[in-house]
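Letters are used for the chains, namely A, B, C and D, taken in the order the chains are written, and counting of residues starts over at 1 for each.
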Amino acid sequence: MTLSDIAFWLFSAGAVWTAWRVFRTDSMVRASFALMLSFFCVAAILLLLSAPYLGIATIFMMAVEMMVMALFMVMFMMNPAGLNPMMMVHQHKVSIGAGVAAFAGLGAAALLTDLPHHAVAAGKPVIRDLGTELLGGSMLIFETAGITLLATMVATVVLSSRSGRFGAADEGSRPPGLEPGGKPAGRAPERDSDHSHHAEHGG
Amino acid sequence: MAMKALARIAMRAPIPVFVATGRGWLGPCRKLAASADIAVVANIRQAAILIVAGEPRDEDRDALRRLHDQMPHPRATAWWGTRPFAEADSALEVSATDDPGPLLRRAFAALLARVRESEPDWLPDDPPNPWRGEGDHGQGGKGMMGGTPYGRPMAMTADDLRDGLALDSFSFTVGPFYPSLPPGLALELVLQGDIIQSARIVRPPLDPGKGAADACRSMIVGRMLHLLELDALARRCEAVPVDDRDAVAALRRRIGASGAMRAIPDGLGRIAGADARTRFTRMVAALGDAEASSFAGPGGRLVDLLPGLEWSEAMLVINSFSHRDLVALAPREVEPEEHREGHGT
Amino acid sequence: MTLTAILLVAAALIGIGLYGALSQQSFVMLMMGLELILNGVLLIAVGFWSLGLGGPPRGQLLAIVVMAVMAIEMAVGFALVTAVYRKRQADTTEGLETMKH
Amino acid sequence: MTALIAVLLLLAAGIWFGATADAVAEAAVAGHPVRAALTSPFRRAALMLSRQAIATEHPDRLNRLLAPACYLVLAAAGLSVIPFAPGMAVTDIATGLVLWGACEALVVVVVFLNGWSANAPLPLIGGYRYVAIGLPAMLISMFVLIGAALPAQSLGVGAVVESQRVLINAVRQPLGLPLFLLLGLSITLRGPFDYGDSADLAGGTHAEASGAHRLLWRAAKLAMLTAFSAMAATVFLGGYLGTVLPGPAWLVLKTALVMLVLVAITHLVARVPPARMLTWLWTVLLPLSFVDLVWAGLEAMR
């Protein structure tokens, strides 16, 4: 058992335990940051796997992502600190079954498959490799990811902003007629009869 | 031993005091703030001595008790020109005409040396609502939404002014001893995030009384500078000798150079043709000019100006008025209802 | 630290993530489950790259793509949550019985 | 090992120097005696240590402890990538700039947690507000740092220093240092970028902190000021490069210079309301950082 083995098992235990805590804590903010810690543990394993750039980039990215996640938690949950204990789950048994089955299936596949063994050579310039790959042979893939992210930005603004093209989003938009003064082109939004308010999710 | 050495060093620090200003006491409080030996802090959590300057209003007495109990140990209370509460044992009393400095220094040293006993709480330390034991999870009610955990009602959704998302709103009371508000003013605010949805005057600001225009002005400009994160300049402003023309002119130049005026957004809190920036500029120009008339009788209500403003903008708007204008803008609202909580810090 | 061990850890992460994604009522918690699944996928990708295949540059590219997918999932997810909340005041999956209006 | 000791020494010295510079600048601007200010940090620290650290009602206890402690650790981690002399850094890795970026991002998390954990309204508003301002400020700094990495053709901090042998980055990329200083103000919660611990919220995220807890938070902020200043000195002012004096001495001098600039800005420049700053960040400062990046790229290709 070398030092890196011990580190690997410690970080693995950390990753799995914090991942489990995500769904077992009452405080939503703690859940977000437990998830962040799970990612950090995986990032540390990536560092052990001689992927320094990917490891640190994961830490960087997940710190920001989980911060935003925590904000949304505080925003949308009426009990973000879990001062009022709660359990907001559905189809609980099925989910546990599915989780266990996924673990068992993937685990069996990992144990039973004859896996290739060819480790990264020490001293291989992996960051340089990644750079030349991103901006060389796989530039199209990289650029596609970039364009997709741009499209995502536009889409998120469109989806989340209040002012829509045909009126405020929360009032139900209705496109104008095809000719001036004509019948509206779309279907008229029906008035929602049952807005499900917070009060409905009973414990 | 180490604690004793620590206390000996700590004794030589400026005395951190929190001042609860009473009616007509702005002038003396300003003198206190000017002393280099005393640090008037903006948060009760930093204070070692609470100074009750002047007779508190009857309706502020409970808020004052809560304020006192938020002060960390070891602590003491000095009663300056007023009679101590019945529950205040071994009170430090200073007569209205005396300078409290020496007495405070002695008491502060005694507190740190553990010679003087720290004051106990004045109010019972109970949760406002007992809640454990009822409901599915012991939250004191039915379902996830029931109950009042720790005496706070669960957040409920309400319409909002900014983006119509209608998330949970949050209502609470600031004042009457909130350091960023004029003395005496207490507001009940409904917030969505940090946007004020509605405001209600719980207590009107204290009437500054006659002849306090100078003290008022430099205290208000000081508060504005605090709000603009210019603490050191604010301290200079609170201490500036108003009859020294050169000192006042130098202060004015410093304020101008810091960009304080331009930092206040254009058109913020506009009423009777003047916005917060204009009012602040006028107030700075009138520093040290006892004759300068305040921008009197703006007409309108403070509570109509605040909704839709972000927290720090709202604080800027409130502090851009002279005390006399604010008294006119924020009259006592007739509502006999008893209020829940006053946030002192 | 063998590839098998790494795959087992990743399987555990994916299992927990799947449980979360299926069981949670709150949208945001559901997204946490999805993120955990992607966390496992990231680990698998880099595990194969590092211990199985001798570090081909494209393996790292795959990991970068997984990260981009995570970012997109989060962004679109939150935008959808906001849009749904704006329309229906709902922040749980039960609030959506229909996809219309 | 020497590098680790150097980091801890620099951190301790930086906390003292920052506190003293703050006290002196404050006294100078406020018109109080400057001599007394030289020793006042010790007295204030002793005072904070001899007071009670109050616990609020039902706080998030774990995070209340972790937030200031992690802030301090992040400062040390950030400082650990900085070389004191060629090759002499605690974590001498090829992705030093990315690690520093991760520290920046985590500062936002830590400040938010500090506001969150008190279970009180004003700190929470401070935390929320800080996230809104802190995240875009961090984005700007990342673009600026990538700009500085371009001439070095490496993300390693050591390589960035070596690339400045002919011309320091502050001259080569004139927009870089000013934009990076904004981040410094933001991650140390200072003056014009103090949106987390601001006066309008009676102290914001640490409004409910007292005694030793308050001292720890303040020390952590000063530690981060030191780490940031050392980073700015290294990436834009050439770090340990310089004639006559030994390398580490140059680094310390340049770090102190950046600290003094930040302290001066803190006490002399007013803060704008957050909504306005947010607009400026996204519409003026972020595009400026793009300009800096393009500038750096063109200059590197020359």
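FYI, contacts are C-beta pairs under 8 Å (C-beta built on N, C-alpha and C of every residue); 3 or more make two chains touch, one makes a residue touch a chain.
This one's a predicted model, so the numbers in the text were calculated from it and none came from an experiment.
Student: State which chain is most central when centres are taken as means of Cα atoms.
Tutor: Chain nearest the centroid of all protein C-alpha atoms: D.
Student: Of the pairs B-C and A-B, which shows more C-beta pairs in contact?
Tutor: Result of the comparison of B-C and A-B: A-B.
Student: Rounded to a whole Å, what is the gap between the Cα centroids of chain B and chain C?
Tutor: 47
Student: Averaging over Cα atoms per chain, report the distance between chain A and chain B in Å.
Tutor: Taking the mean C-alpha position of each chain, the two centres sit 43 Å apart.
Student: Would you kindly tell me how far, in whole Å, the mean C-alpha position of chain D lies from that of chain B?
Tutor: For chain B versus chain D, the centre distance works out to 30 Å.
Student: Give me the residues of chain D that touch two or more other chains.
Tutor: Within chain D, residues 58, 128 contact more than one other chain.
Student: Using the touch rule from the top of the page, what residues of chain C touch 2 or more other chains?
Tutor: 82, 85-86, 89
Student: What residues in chain A touch two or more of the other chains?
Tutor: If we look for residues of chain A contacting two or more partner chains, we find 53, 57, 68, 76, 83, 88, 162, 169-170, 197-198, 201.
Student: Quick one: which chain pairs are touching?
Tutor: Touching chain pairs, listed by label, come out as A-B, A-C, A-D, B-C, B-D.
Student: Sort out for me which residues of chain B touch chain D in the complex.
Tutor: Residues 3, 6-7, 9-10, 12-14, 16, 36, 42-43, 45-46, 48, 70, 72-74, 112, 127, 150, 170, 172, 178-180, 191, 193-194, 225-233, 235-236, 239, 254, 257-260, 262-265, 310-313, 315-316, 343, 345.
Student: For the complex, which residues does chain C have touching chain A?
Tutor: Chain C reaches chain A through residues 1, 3-20, 22-29, 31-33, 35-36, 39, 42-43, 46-55, 57-58, 60-61, 63-65, 67-68, 70-72, 74-76, 78-83, 85-95, 101.
Student: Contact residues on chain A for chain C in the complex?
Tutor: The contact residues of chain A facing chain C are 4-5, 8, 12, 15-16, 19-20, 22-23, 28, 31-32, 35, 38-39, 42, 45-46, 48-51, 53-54, 57-58, 61, 65, 68-69, 72-73, 76-77, 88-92, 94-96, 98-100, 102-103, 105-107, 109-111, 115-121, 124, 126, 129-130, 132-134, 137-138, 141-142, 145, 148-149, 152-153, 155-160, 162, 169-170, 172, 189-190, 192, 195-198, 200-201.
Student: Going by the contact rule at the top, pick out the chain A residues touching chain B in the complex.
Tutor: My answer: residues 75-76, 78-79, 83-86, 88, 161-162, 168-170, 197-199, 201-203.
Student: Within the complex, which stretch of chain D touches chain B?
Tutor: The contact residues of chain D facing chain B are 25-33, 36, 40, 42-44, 46-47, 49-54, 57-58, 121-122, 125, 128-129, 191-192, 194, 198-203, 207-211, 214, 267-276.
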